Amino acid sequence: APNIVLIAKAFRQQFIIPDFSSFVKDIEEIYNRCKVNTSGKIADYIPQLTRYCPESWGVSICTVDGQRFSIGDVEEPFTLQSCSKPLTYAIALEKLGPKVVHSYVGQEPSGRNFNELVLDQNKKPHNPMINAGAILTCSLMNALVKPDMTSAEIFDYTMSWFKRLSGGEYIGFNNAVFLSEREAADRNYALGFYMRENKCFPKRTNLKEVMDYYFQCCAMETNCEAMSVIAASMANGGICPTTEEKVFRPEVIRDVLSIMHSCGTYDYSGQFAFKVGLPAKSGVSGGMMLVIPNVMGIFAWSPPLDDLGNTVRGLQFCEELVNTFNFHRYDNLKHLSNKKDP
Amino acid sequence: APNIVLIAKAFRQQFIIPDFSSFVKDIEEIYNRCKVNTSGKIADYIPQLTRYCPESWGVSICTVDGQRFSIGDVEEPFTLQSCSKPLTYAIALEKLGPKVVHSYVGQEPSGRNFNELVLDQNKKPHNPMINAGAILTCSLMNALVKPDMTSAEIFDYTMSWFKRLSGGEYIGFNNAVFLSEREAADRNYALGFYMRENKCFPKRTNLKEVMDYYFQCCAMETNCEAMSVIAASMANGGICPTTEEKVFRPEVIRDVLSIMHSCGTYDYSGQFAFKVGLPAKSGVSGGMMLVIPNVMGIFAWSPPLDDLGNTVRGLQFCEELVNTFNFHRYDNLKHLSNKKDP
Amino acid sequence: APNIVLIAKAFRQQFIIPDFSSFVKDIEEIYNRCKVNTSGKIADYIPQLTRYCPESWGVSICTVDGQRFSIGDVEEPFTLQSCSKPLTYAIALEKLGPKVVHSYVGQEPSGRNFNELVLDQNKKPHNPMINAGAILTCSLMNALVKPDMTSAEIFDYTMSWFKRLSGGEYIGFNNAVFLSEREAADRNYALGFYMRENKCFPKRTNLKEVMDYYFQCCAMETNCEAMSVIAASMANGGICPTTEEKVFRPEVIRDVLSIMHSCGTYDYSGQFAFKVGLPAKSGVSGGMMLVIPNVMGIFAWSPPLDDLGNTVRGLQFCEELVNTFNFHRYDNLKHLSNKKDP
Amino acid sequence: APNIVLIAKAFRQQFIIPDFSSFVKDIEEIYNRCKVNTSGKIADYIPQLTRYCPESWGVSICTVDGQRFSIGDVEEPFTLQSCSKPLTYAIALEKLGPKVVHSYVGQEPSGRNFNELVLDQNKKPHNPMINAGAILTCSLMNALVKPDMTSAEIFDYTMSWFKRLSGGEYIGFNNAVFLSEREAADRNYALGFYMRENKCFPKRTNLKEVMDYYFQCCAMETNCEAMSVIAASMANGGICPTTEEKVFRPEVIRDVLSIMHSCGTYDYSGQFAFKVGLPAKSGVSGGMMLVIPNVMGIFAWSPPLDDLGNTVRGLQFCEELVNTFNFHRYDNLKHLSNKKDP
């Protein structure tokens, strides 16, 4: 049982964050500094999203050896939205391999808006983190991964992957959001038809089913605690730290993190890679999943968004975290003395 | 003296690559596999570049603690070309700080060709690794870093930085290449005038001088050995491993590596970040500078280029290296067993 | 009755083409020169279009005073396709006026492909002759011109306009083409959703009904003879020359002809305006409607298309016609002696 | 002598505008209505242009049979600027023919800004009325029409064409404007280098000379009276109405008018073709040349410009003129009764 693993490590004092309680103190300070930031606007393209409280603010942390810390509104449910994109991409990679997946979708930032009506020079969507690419990933699930499954089965199948990645914590579904998303999705339908015209999808793709499946993935419901375990599984090479289950192969996680690094925060991705230097994925419901490879997963949630669609408090949290600790990808481990090595 | 540092470490067996001789054996094998790859075409937009021998192929390695290995044509001189871009960018960051520098130039991939006539949404060049951005960086050097220097002085000043970064190894200048570059530079002049029209440059910028300075940086001459020390200085947070001189602050290097990670290999940058996952910068003379942060710097040189302008053998070397060792940024350090940890 | 008008004019020898029989002889010669041109490819995006015979070739002429001439396959039915676009645009102008219509759609060439996924700087489709603009025009018919009509009624209403314009000649409907068009219309659906997202449509627009209506207009069936009368009605300021019915106000026709002049032959429009200098509209079924204002209407039909989607023989006919007669908009009437003034 | 021609026509009462004095009365009314329009802003990209008086307002008319009327500031000198573009294009057409000229430059609206850094799909400038196309035309003059001439000779040669077209009236040169234009021409240099990179120019093109020649054409000086004769020569198929000299062949004029029709008023060209329906060319110094083929030439001048760079009063004049008289290309001559037929 995982507890034994955890306890054993604790006895041997081999935790990745040796002094967890002092680390937590720093996190609490950052949390409180972000709390007073009241800028940003809640997404309003569907009514369900507008009902969130702008004060909601939660952060959950889970290390690769299963140490956990949560503060704020960490059990409030919200929908995954774009935070589902790296997860469906991971399933597709696990089942089909990167060669097949990337014969359908690119792996580069688009240099354009996240939902721009544009394909790359090979007539493929630029990457799996933008809407076009995520719809494409959904079509791979439908037509290649599980071609014989019904829509209901493939939804269950997907949810079960998310659940395993979260160590069995809360993954639900918000049907009202699904129906609203589907209703308000002019641009996504335009993308879908445009890609079908350009023969982007695998043969036998049923566009209507693919679009529904895409909206369903966006409408899955979860909370900060569950998502922090998912982020930690990614930090841990695809192995869930709370159950020790090998959910994804490390190679899959490498590819997912690479794309999250360059494309995870909409049009802010370039600056995020520059300033924070870590793989992340944000969603329009206010979520921000942050992965510190080999160390920990973090999930921050707060509904108010900045102009580019990223959670204001979540973004501030990431930037302050990296200013405090030597977590930036390109922090020098020996010579940068004014940052903490937790 | 650095020798003492090296010897001390050797005695204490604290090298970053503990078994350097077996590591070298792997490198030799990769080197030889790349050697037989005869695809690619030598750049021909100026006559000087066409005179390189397509067989030329050299690789030099320098670890952060100064261990070195070289194989092949590592003392042949070639011009820096685009490999100078991260270096002038580093000087600008060191002297002006990222706030000033990035008020003039962005930090994101452009999603377009490296020399596209296009600015980002803020009417700035997309990043300092594309031509427009590098010309801009040169203007910062001229107008802000050293406004009182003559052209000759600023060239010497720049060269002295490159020299310190290389631990005093060979940095020269190829005047024929400079003159030819300047002659053949229609696109670069178009970029320069376009940026001047859009008021991209600092006040008091003399466009002609900036362009000349840009071509001079491209025409600096060096060899694999020297460049591997420069790469190692970057791997080492800005401290030259052979002289222990602190050339750049670690924060400067963090920013340079971030940009090299996302924008270093022209239009292949997205795929490079995905497959190799390390900061690199290629140049049209066949050079490829690769930085493995906290571990080592590598420079590979071979003139034949692929369609996107990257050295064919250098690129293959990077990809094979990462397939052999766990150097990819997002390789999981615990769970990816089929790769070597040197 | 129109016959009397015609006879009266004939007696008074006031016809716009005084020597009609020698004019017809020239037309026959041009017709025969085009007949041997076997280049071009029949449209194949829906099966119904592929079944046309590539030899089919017909030309019908109707002057503003009702003199007529036909040669070749002038009674063969074909679908209107894009030749319907100026007609629905005319109805919208007639009923709503140019101010209202052009608050929804521009009046300029787009400088892009005819079905490009792009709106102009005001977030409107560029003009009513490209697909996006024609779909928009259809939405105006549905939502503003006849908001209370059912789909069936609005179809009948439209057909009755076309019929009056043709002096009661053959206007039918090809249901197989309609169904196939609707099936194969990924790009058009993408355009529709993209415009809905950008709030291009009037309030209360039902996108599905608009798209169906658009495909129905494209699937209306006609022949060369009927279409030549429609073209002649346009040449005649909106008054049908065979029935003397005032179908459209002259101002409406002025606007329609202006747009046809600049945007009527897909991506060839610029060259067509330059070489032929007359308002025209081509369609993918091989039709080419040509209007010589104040003189005559011509309709040429032949299914093989060039790369830009214009009927090969129809285009050749237009260019030879203008080389023979002084019909080019900017032919000088006094000083260009090597052309005929019929 | 031309006077005899004029007198003869007058005796025979064969003037194109039979009742010239009542026509003039209408023109005066329109002139006065435009006079009170004080909107618009004088061009300020070079100091010389800012010195014009915003009240300046002149209109000159010359019919194809040499009847003339002038009102307002019709003898004030101003520089030709973009109004020179159709004239150099005409010379190139006259000497090289449309095949050669249009193997270097397109004939379509660009759908973009007039000075956009973009070439068409054939890597040619879109048309000779935008800056890139006009620079290209200048290179044809230099390298093909008169390859053996010095810069001074080619300038004289060009001026002599302009002079003949104006019937010998005032054509001068403003050296201060030339020098300022050359100074402030970042975008034009960017266009020049970009075209040279794309091998747009004929062999042996000296870019510096071409650019100078282009700026010199822009800096030629004239006034309303002279320009109205030039416009009338165009209306008259290339024959100067005051001297009866055949300056250009009618085919040349046809091509020039076609391009002016679609591309003559910068980004307003589409709307201008729609609303006014006549060939025109505006310039940044406030000029507007209007050609009514077979009838008359008009030149209006007033420095304040609208946002798109067209003279505010000149534009209003054109629109009111066409609302009053049946001059729109697609006005129906029989059936549009509420307009005057002068």
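We call the chains A, B, C and D, going by the order they appear; numbering starts again at 1 in every chain.
Keep this in mind: contacts are C-beta pairs under 8 Å (C-beta built on N, C-alpha and C of every residue); 3 or more make two chains touch, one makes a residue touch a chain.
None of these values were measured; they are calculated from a predicted model.
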Notebook entry, point to check: Going by the contact rule set out at the top, which chains touch both chain B and chain C?
Noted result: A, D
Margin query: Based on mean C-alpha positions, I'd like to know which chain lies farthest from chain D.
Written below: A
Note to self: Counting residue numbers used by both copies over all numbers at the interface, does the chain A-chain B contact come out same (over half shared) or different (under half)?
What the structure shows: same
Item checked: Euclidean distance of C-alpha centroids - chain A vs chain B, Å -> 32
Next item on the list: Provide the C-alpha centroid distance between chain A and chain D, rounded to the nearest whole angstrom.
Entry: 59
Next item on the list: Please work out the Cα centroid separation of chain A and chain C, and write it as a whole number of Å.
Entry: 52
Note to self: By the touch rule stated above, which residues of chain A touch at least two different other chains?
What the structure shows: none
Check: Who touches whom among the chains?
Finding: A-B, A-C, B-D, C-D
Margin query: With touch defined as at the start, can you tell me which chain C residues reach chain A in the complex?
Written below: 117, 186-187, 189-194, 196-197
Item checked: Partner chain C, residues of chain D touching it in the complex -> 64, 106-112, 126-127, 236-239, 250-251, 253-255, 257-259, 261-262, 269-271, 273-274, 277, 279, 293-294, 328-336
